[in-house]
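Quick heads-up: structures coming right below.
Each of the next two complexes has chain A plus one more chain, namely chain B in the first and chain C in the second.
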Partner chain A sequence: MQRFFAQSRSVKSSWVAGVALVFILLPHFMPNGYWLRIYTVTGIWVMLALGLNVVAGFAGLFDLSYIAFFGIGGYTFALLSSNQLGIHLPFLVVLPLAAFLTMGVGFALGSTSLRLKGDYLAIVTLAFAEIFKLMLLNLETPVNITGGVNGIYGFDPINLFGLKVRSPVAYSYLIWFFAFLVTFGTYRLKNSRYGRGWEALREDELAAEAIGVNTTKMKLMAFAIGAFVAGTAGVLFASLQNSVFPNNFDFPQLVIVYCMVILGGLGNIPGVIAGAILLSILPEFLREYGAYRMMSYGLILIILMALRPQGLLGEIGFLSKKKKRPDKDETGRLRASTELYYENGKVVPISRERKPVYAKTDKIALEVKGVTQDFGGVRALDNLSLVVHEREILSIIGPNGAGKTTLFNLISGIYRPTEGRILFEGQEISGLKPHKIVSIGIVRTFQNLRLFSKMTVMDNAKVGRFCRTKAGPISILFHLPRHVKEEKETEEKAREVLGLFGTRLTGYRFNQQAIFLSYANRRRLEIARTLMTDARLLLLDEPSAGMNPQETKEITEFVKFLRDTYGYTILLIEHKLDVVREISDRVIALDYGVKIAEGSYRDVANNEKVVEAYLGRKGHGKRAGLKI
Partner chain B sequence: MIQGLILPGQDMHLFLLELPQQLVNGLTLGGVYALIAIGYTMVYGILGMLNFAHGEIYMIGGFTGWWVLHLLSRNHQVFMNSAAVIFLMIILAMIVSSFVGVLTERFAYRPLRNAPRINLLLSALGVSIFLRNFVLNYQGAKARTFYVSSLIPKGLQIIHVGPVVISFMRILVIILTFLMMGLLTLMIKRTKAGKAMRATAQDLEMATFLGIDVDRIIVMVFIIGSALGGAAGVLVGLLFTQVDYYVGFQAGLKGFTAAVLGGIGSIPGAMLGGVLLGLCESLAVIFLPSEYKDVVTFVILVIVLIVKPTGLLGEKVPEKV
Partner chain C sequence: MGKRFRIFMILGLALCVGGFFASANAAGLVDPATGMKITEIHIGDAGAFTGDAASPCMEIFHSAQIALDEWNAKGGIHGVKLKHIMGDDAMDPAQAVNVARKFVADKLMFGVIGPPMSSIAQATMGIYASGNLACITTAVSKPSLTEQGYKNFFRLCARNDSHGWNCALFIKNYLKAKKVAVLNERDAYCVNMAKETIKGLKKLGIKDILHETIVAGAKDYSSVLTKVRVYNPDVLFFVATTAPDQAIGVRQAKELGIKATFLGTEGAKDVKDFIEASQGAAEGAYVYHFAPDIYAIPAAANYVKKYESKYGTISGFGPTAYEAMNILLAAINRAAADGKITRKEVIQELHKTKNYHGILGFPVTFNKKGDLEGGATYFFKVVGKKFKQVAVMTGK
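Showing the complex of A and B:
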């Protein structure tokens, strides 16, 4: 499907024409009215499954109120175009009204419950769906609104600019038309900053937030978009059935939609469509086993989760792109990994077109003022104060548990300090959310690597651009100039940044999943991802951890190169003292959350307290100083 | 909705009249909720997952109890000692429920222990749907009635304490629930297995390193949680005399709400949460028509989650970075 988007306009339009022709003809080939109806209802299921795919597949939110949104759409239509309340609004008014109303409800529910993690979210949304059903059942007294168990029936026929939709064939056109719009829309969303933001959020929420993705907003967006689609489907369903009942929008329906999405593979659009079609048609052949239908849905979920969590249709050849194997030569033999690293046996030098221009200044960039952090009874940082100057490379050393990573967590906004303030370029940043801090200009890496391992190298880098791009859903869905321009810029920037590491992250590796990279390359990619954010201060948490001496040397030079050539301010946690000596303008040593030494590498390394912190009390060990 | 609404200001007398009665009802209901909540909280404490199927385990307990009673009675009259019948109902329900619970763990959760969370939740959802519809297919959709009147001597069925009417069953249920909770607390606090459970709940990996057979502990947790859930199913059957294939859904939500209210992962929290939830619901019935009783539960759940997501007795654990 990615190939589809890469094709030229004329090929594309002939594809579209072909598919349209098939769907114009299909209803006429249905053997009877019964099958035509199944065909039409399948269109509704496809819409529902694709909408849920945005919430559960893209964003990974376990939303159990989804079917209530379907119901809200259906009942809104029922109330606004029937004799129930005596309101008869035209379809073209009711449809957007219902869809936006549902979206509003989704938004409201989302904003109260999205602070909750997975399971809690599931239960609150389940509770909401139950309340909704109770309302439908009980709002018939004292004023009859929903009609209780009997539902509402007899709606105004759909009138599209004088064209009345009455015949089953007309309905099939109308519903499949919307199913196409939803398919198209979800594709566009998937291949946009939103799609990448959701994928990052699904894989690692904390890392997504720390790289600048507004995770709360993205979750809300997924919720709202899912609700919008479900609401629209609800209107169409109500009109098709010409009635609505509470049990049209009940738990079993929810389970069916979930099974469709799971069967197709969470997030996989063609898979989900296939799943929806399969589960709409298959039960028709198994009529006599009807009683076992729901039971088998339960089994499908259990078995799929245990054996094929990526979905039955997840990796079938014709649905996903054929993967090239650049790590193998023409005969299929594995190429040596060094051959791949250093193309043609040469170490590719880091491109340095620009001469070193930047050096340390005396302007204060970051100021940490009397920061204390308590975890229960443990004081991880105790009244710590420090400054980082602009374009300075400042290293933080200290034994394990000294509070180095806690300091990073505080600066990057993952924790809120118990006491004290943190200022960046004069602006208070303590208490801000991590993504906000990224957009202000501070970004971090993680000690134990938090890449989005199932995303490609390219997409990992592009996620870093999230906080600098602004395109909203309308821009993305209609490919407005803003989206197109930002996408182009993001792509160019990603190529440039990944190119800084020679050929290690470029070429075929653009489309390789991050999980397949070597350890050193993953570290490089994590740094590249931070460079995408245009932050001015980089917090690097042990960038050389796990690297061999050659790679360590390279990454050390690279960090220096970032400051010298691009003018980044760098705050570094590092255990390898060779690295610290090589690049630091200044070094701070921490122990038990307290600053025990500060100054040049030589001063700090010879400081008595530092030696003591690392090696124990003087006199107990033989060595009295660190090797300089 | 308006018709059933009684405001305390308008009719304080009626309110005061109903209060003690509803307190007793609340305590009974609360004890049952607490038993269900314990199952949720124990599994959550160790595996960090929401066991969606727990409500179904409760329902299966209820059905087992019904079958025991059904097989031991003729023309709705038990032909054995009533105490023995009640004992058998509870014990067999506990055995069957824990058997189902262990099977669930073995086949639906254990293969997914290292999988993403959403997969585990979906698997749990699958188990819940499977069990519910399994019972629907083999036991039918019709509610089963517990004919309990012959279990209790005639003179003891209803006891009047001033204006309050208490049925013998309620007293029995209150005693049994609190007895079970007490035993569980002792077991967790005093025994070696209880200590191993607490250790596993704190840090599963570390517990493995210290020689605790974590798989066994997890199975044990499922046995205890499911057994208590099954017992709750029987007790509710004895109280309200009905069970059908769908009761697990509501009961599951109630139990979960109770667990969250008390602080999920905390066993005393689950007990406290259960009792509080039962009391809240019963008191709400004084003011609201009973169809909206369940809405009260969900409103409580949402408020707790938003105001204090860690619950009354839960602890906040900072995320490791």
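Showing the complex of A and C:
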């Protein structure tokens, strides 16, 4: 599908026209009312599956209340356009009303359950769905609202500007029209900052938050958008059936929608559509066989999932031919990225046209004041104070367990300090959420690499831009100027930043998944991602870990280059003392959460306490020392 | 892909050709509207054959199948064989609409047994009506279904409101009561049941009625029952939903020395939770039920034998389905008598069903709405550890 969007405008529009023509003709070629009905209902299922795909596929939230949102839409329509309460609002009022009401409920449920993850979220949302069903069943006494088990029936016919929708053919057009809108909408969402934000959230929530994605908001948005689609589908469904009953919106229906999404491939839009179509037609062939129906249905699902665990169209296309991949040789063996890199026996020069202009100043950028961090009985940091000056490269060294990474977690907002304050450019940042701190100007990398491994190199970089872009769902869905401008700017910025690493992250690699990169390139990509955020202070947690000497040398130069040419302030954790010596303006040594030395590399390396921390207490009269 | 595609194509073609020959053999019925030859008569069976309600629905299906097999053994209708087609909706109204559309689209289909659930009947009856397809349901009791003017919808079971009238008849004519106490729970079914019964009693001339409400699940009814003792009625009608509640009711009534005959609801027709739980107090009490004691009806012996030899014990839903299939096929048989058949004719013939004597122990007549004339409510007496059928009331 990516290729589809890369096609020229005319080819694309002729595609769209062709598909539209097929769908315009299709209802008239259905052999009878039965198949027309299946065709129409498939449209509802496609909408439902695509809506769930936003929640479960894009954002990775295990939401079991989804079918209740479908029901809320259906019952809202039922109550507002029937004799049940004697309210007869026009369809064009009820539809948006029901959709936004459902969205509101989704928002409310989302906000109460956001701290929950995985199983716990599933349980809470399942409970919501059950409560909803019980309400439908029991709100018939003392005042009859939902009609209990007998439901509500006999609705006002849909009236669109005087055009009455009554016939099955008219319904099939109406429903597929909305199914197309939803398809179109989810495509636009997927290829936007929202889509990237959700994908990042699904891949690694902590990394997403630490790179500036407002994960709370994105989860809520996923919930709300999913609910919005489900609510709309509910209205159309209720009108089509001309009645609603509690067992229209029960657990079996939820399972079917999940099957569609999983069978199609979580997050893959054409796959989910294919799944919805397949699973709404398949049971029809088995309807005459009772108990065998469920068995064979189950069996078919099991076989399909065994053959394609990632879904019908998940990841690599089912029908598309394997693409020729430049990172493999003729025999199909994966070539290490270093092979490509060194293949001519020479180092590819990195384009750095700009001249170094910046150097350390004495202005204070970051100030850590008396910070203490306790984990239960363990004191990871003890009353630590330090200052980072603007455009300074400050290295933190210390043995394992000294509290270096804890310090990073505190500065980047992952932990809230037990005591003490942290100030950035005079502003208090302790206690703020990580994504907030990113937008203020501090961003970090992780010691153990936290890339979004299933996202492409390009998208990984683009996620870093999330905190600098503002386009909301309306802007994205309608491609308003703000979204278009931001997307263009994000793309340009990503190309520029990835270009800093020469050919390692550019060219065909733009569209390569991060998981296929070599270790060193992943480290580079993680740094590139941080550069996208426009932060002024970079916290680099062992950027050279796992690199060979050549690569280490290069990354060392690159860190220096970032300061010299772009003026970043850099706080560095590093174990390789060569690197520290090469680039640090200042060095701070930590041990057991306490600062034991501070100053130039030479001073710190010769400090007795530091030597002791690294090599143990001197004992046999022989003087130990670090290599200088 | 090319190879696989070809295999699919060949398989598809083979299916089409096979289907053509299978359907093209000659027989003796014609649809006058289209001139189409009817080579096989299809009877649909709509119900939840999978899921929570599968077991009663399968009993309906098997029982209807027995009736259909008997007709086929006699040579079918006008020389045309009959086929029973299952339409599983898994208790989901949306899927039931698919089933209805499928049945309506089947040009060889002339009648449907089911659907057996109120909500599903409500969701689909309009579609069946648009296709003029006759439906006989065997288990749907919600009154409003037959009040919507659909001509194609028949039911062979009593409506909820007819049970009330039948209970009044039973109290007056069988129990010969003059003074009645009615206690009911506060839920829709029980409130309605009590209301209809009291209305019926008044119509029958019994004016001496005590009406009180009780709370479901309360373990103690003695305060209300003390009132009943003071009132000293001939019959105590205890309208509660579950058997355990009614067991407590009958036991406490006995403990308080109430002499009145105890009448319970269909919920109480449970040996373990009513008879045994009452510790002997239920002896001589009566309950009503929508299903007959099929073992007590001689005409049903053949059906019972056939069913039990193949599928095990009958729970209560089967006999009506057997009867429904027979009534439907009899109507189709009449409609096909001239060698032509349309769905509308089948509906007309069903409306003519009058005093049909089958296995249910009373003559079946459909009224104008498609309801069973008078309904049918069966009354049982507790004798030892068993329920013995003592009467059936059909509105007269």
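Operating definition for what follows: the second predicted complex is superposed on the first by the 576 of 628 C-alpha atoms of A that agree within 3 Å, B and C clash if a C-alpha of one lies under 4 Å from a C-alpha of the other, contacts with A are read in each partner's own complex, and residues count from 1 in each chain.
Definition applied: a residue touches a chain if its C-beta (ideal position, glycine included) is under 8 Å from a C-beta of that chain, and two chains touch if they have at least 3 such contacts.
Given the structure is predicted, the values throughout are model-derived calculations rather than measurements.
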### Message
Between chain B and chain C, which one contacts more residues of chain A in the superposed model?
### Response
B
### Message
Which partner chains sit in contact with A:N150 here, chain B, chain C, both or neither? Use first/second/both/neither.
### Response
second
### Message
On the A-aligned overlay, A:Q253 touches which partner chain: chain B = first, chain C = second, or both, or neither?
### Response
second
#### Entry: Partner chain in contact with A:T141 - chain B first, chain C second, else both or neither
both
### Message
With both complexes overlaid on chain A, does A:F23 touch chain B (first), chain C (second), both or neither?
### Response
neither
### Query
Of the partners chain B and chain C, which touch A:A291 in the superposed model: first, second, both, neither?
both
### Message
Tell me the contact category for A:I38 with respect to chain B and chain C: first, second, both or neither.
### Response
second
### Query
Both chain B and chain C touch chain A; at which residues?
141, 291, 294
### Residues of chain B touching chain A in the complex
1-3, 44, 49-50, 107-108, 111-112, 115-123, 125-134, 136-137, 249, 253, 256-257, 260, 291-292, 294-295, 297-298, 301-302, 305-306, 309, 318-319, 321
### Query
Can you list the chain C residues touching chain A in their complex?
1, 49-51, 54, 58, 61, 85-88, 90-95, 97-99, 101-102, 104-106, 118-120, 122-123, 126, 131, 142, 144, 186-188
### Message
Going by the contact rule set out above, which residues of chain A touch chain C in the complex?
### Response
31-38, 41, 140-141, 148-151, 153, 237, 241-243, 245-248, 250, 252-253, 283-284, 287-291, 293-294, 319
### Summary
chain A residues touching chain B in their complex are 56, 60, 62, 112-113, 115-116, 118-120, 122-124, 126-128, 130-131, 134, 137-138, 141-142, 206, 251, 255, 258, 262, 266, 291-292, 294-295, 297-302, 305-306, 309, 375, 405, 409, 414-415, 446
